[in-house]
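Please find the structures below.
Each of the two complexes below includes chain A, the first together with chain B, the second together with chain C.
Up next, the complex of A and B:
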């Protein structure tokens, strides 16, 4: 965006986020119900807890499972992304044409609405999570300032990784009609390799060895591992290096696909 | 009899409409297959660490997974398309045309549409159940098969009633789509035998949103684990839910004033 300073951009974002929050508050009941639909990790917790009755599984005791899945639930809420469906809808129904006329790349409109939703969820869920962590016996985290900072950072990375990959998949709607189906397949892999079905440590060795390096881990498991205090300094360094690598790669791919898609979009003159 | 003929006609139209979208048809069948494989794979993770889950062995849990898939098919094929349809009709006022037809409005509104390709889940679910029985080298008796079929029917009635209640809520709250999603989350609990869950959660899943009767209890029938109490309670609950949902629906219809008025 030539001619727009950082400050202008920030002002635009604040305005867009305010608009998004207005929308969210208008549909607050629907937004809360939708938030609750992310409760799937709780079922996994119930199953693991029933198994952990006869003693710990791997290095996970019953309390560890509660600690793990409480954060898994929180992570899932704070990184929820649906942009593939938005894009798919806007591209196929031609609504993208209108957004393209705005003096701002449409991605900023999509992102700012998602950020507004994150503010809403943060305010609503953070006190609850803290309360549960304090009240439920056996919940414990490696709480120290450094871990907290790293946790926030890793959570932001998780959100952006999920956002930018879904954005890219959504853009495929320029060429194919089943872009959201592809997103569903990615979601299956995410549930397995990102730490929803089981903490990565409890996956079969061969699977875990691969999953440690795949982007799915950094979409959810990594921040939780930090807060559970299960990572050595080397693990942390390698982890954040991988984060940076995957982020840069997916970011570049998304820009490439966006440019290509735009060209073919104007080509059939919608 | 007339109603059966009508159903035949409705379903034929739904089928013809879907044949227009063949690529969609195919991808959706493939996706159903993937989700099923996903369900089985994720269950194996738990059995890597323990021999039983909630006192059920791997093959027994497979039966639960088969039933889960079967009922997913029932819901997605018969119930969900109608829910979306009714909500839309209420929103734009065309629901009036349902009411003035010379047919029971609940029948017409709740059973008119079918998504044919979802029947795949039903057949695949049955296949998993048969496979699991083979692995367990169990041959169910005729009585067990009948009880099983009866339990499936009861389960279908319960799920139908729950969906009808959700639909009926749309008369007051227009944006109800995500309530159906919320049902999906509770429904996911049916992937595992009910004995996995403890305390109030198990009570909730047995008595209020009777997921237990959809997957665990039919499986228990074929495994010879069924208690007579379950059977009696199942009949009562299904009748109760159906009655309540029907009353609720009629209440909503009486108080309904169209979107435009």
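Up next, the complex of A and C:
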């Protein structure tokens, strides 16, 4: 677009993130309580630990489970997305009008609020996770600079995949009044095929074979697999190639749905 | 040159009908009934730069829908709309930077943050250079008396204070075209007057074009020379506000105060007495005879005071809608609500 430089975009993001942090700090108690509700991976950890008491399950020892679910919890925190509910509300109540009047695609306003939340969570949870990793016996990661870089990259991909798919589902509110129900169904698949209920390696062979290529894996499991050192170079390459493919696909779909949706937007409520 | 041009604009909504209750839900689940609601139905007008135009019509007439089309929120069903040489629904950034839409019933300020925070976000979003931002904010702060409000949480402001901040947020980027949808709704008379004066002032200072809808006729009479009246999505009148009352209201109002008591019936000889309070009487006189009747009254009656007025604009507008409704009935056009599927 002419007239919009990268620098201007950065300034917009900084201003929006600043406002987002203002809001998050205003609602800090609620935000922290809400974060705690994301502790579901800990419940799964308890289940698997009790099962692993008499020896490893598959290739997972008790220590592996703790290592896995500690990161699963962290991933869950750092990729939390709720934009489907924001969109559903904004579209059906006409609040989207306000954002549409701005000379900036509304997705940037939604994303920057999520980024503000990520800054808040990063500051709050990272020290805790590091502390637990250092103090709890048996926790071990394949820590090297390359893995760390790949982990950060894969986490960013996981966040954006979750974001853009949920954004697209939220956009369905242009046509249907219960888009978020669809998100709830997707969420169930995500829990199962993304590696929350169990590490993907422990799923039945046929399911695992499919899950390896589905986008759910790249929303959660993939970054953990990297840090556990369970991926060969070939696995990594294929994994990131799949990431790129899914990202591009969902990104394009979201743009398409957005454009179609705007045509049927009714801007109700005023 | 016209800055806003609307040609044969139509905007139809598909609305699905549902009877109340559980059986209604079931029926609607099995077979959905849709009706076309013609929110705007073949509307044309054009507005030149710097004009303030009052956009009038009862609830549901299509005013808000038209403003939403003009500001790029809605795609027209058909027709051609151009504002500042842009096609609004393309929503180009260069277009959106030059317009604003203020909806009295919607707000862009973050409820839990001070208004200044939203202003700063808008500065970035609209790419307003720092010096311009400062001078505009100073100007708005002065005109709207915002100084004590800027750093308070929006939720702690009164309705009027919030509206002033909303206006400021909507004008920080110095738009050339303002769409104001009920900007004074719910405000007390003093605050209405202030907002009204501010809009006039902004128009004078920046030569901005303004389309204003309001249910308060005082807003319209104070600000707009020209009015566009619509109902059922169709244009009823477009032109001078004064000429409208001349055309619609065939009478003028003569208010007399007598210097000595008199039988009210004697006044019936001059015209229709619509109000009598003690020695004060309001009479409706056919427009053409006004001066002659007034002269006769002055010579024949003990008159302490006399004024000749246009009938209140509210009555004129109500009359316009009544005429339109009669015309629709005569033409046998059904109301939208009667159309099925």
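In this text, the second predicted complex is superposed on the first by the 263 of 270 C-alpha atoms of A that agree within 3 Å, B and C clash if a C-alpha of one lies under 4 Å from a C-alpha of the other, contacts with A are read in each partner's own complex, and residues count from 1 in each chain.
The definition used in the following text is that contacts are C-beta pairs under 8 Å (C-beta built on N, C-alpha and C of every residue); 3 or more make two chains touch, one makes a residue touch a chain.
None of the values given here were measured: they were computed from a predicted structure.
A.B. asks: By the touch definition at the top of the document, which applies to A:33: first (chain B), second (chain C), both, or neither?
C.D. replies: first
A.B. asks: After the superposition on A, what does A:16 contact: first (chain B), second (chain C), both or neither?
C.D. replies: Second partner only.
A.B. asks: Under the stated touch criterion, which partner chain does A:202 make contact with: chain B (first), chain C (second), both, or neither?
C.D. replies: In the superposed model, A:202 contacts chain B only, not chain C.
A.B. asks: Would you check which partner chain A:8 touches, where first means chain B only, second means chain C only, and both and neither mean what they say?
C.D. replies: second
A.B. asks: Once the shared chain is lined up, is A:178 touching chain B (first), chain C (second), both, or neither of them?
C.D. replies: first
A.B. asks: By the touch definition at the top of the document, which applies to A:57: first (chain B), second (chain C), both, or neither?
C.D. replies: Only chain B; A:57 stays clear of chain C.
A.B. asks: Where on chain A do chain B and chain C both make contact?
C.D. replies: Touching chain B and chain C on chain A: residues 27.
A.B. asks: Can you list the chain A residues touching chain C in their complex?
C.D. replies: Per the touch definition, chain A meets chain C at residues 1, 3-4, 8, 11-12, 14-16, 18-19, 22-23, 26-27, 94-95, 97-98, 100-104, 262-263, 265-267, 269-270.
A.B. asks: What part of chain A is in contact with chain B in the complex they form?
C.D. replies: Per the stated touch rule, the residues are 27, 29-30, 33-34, 36-40, 43, 46-51, 54, 57-58, 177-178, 181, 184-185, 188, 191-192, 197-198, 202-204.
A.B. asks: Spell out the part of chain B that touches chain A in their complex, as residue ranges.
C.D. replies: Residues 23-24, 27, 31, 34-35, 38, 41-42, 45-46, 48-50, 53-54, 173, 175, 178-179, 181-182, 184-185, 188-189, 191-192, 195-198, 201 of chain B touch chain A in their complex.
A.B. asks: What does chain C use to touch chain A in their complex?
C.D. replies: Against chain A, chain C makes touches at 13, 64, 68, 71-75, 91, 93-97, 100-101, 103, 105-108, 110, 112-113, 117-118, 120-127, 181.
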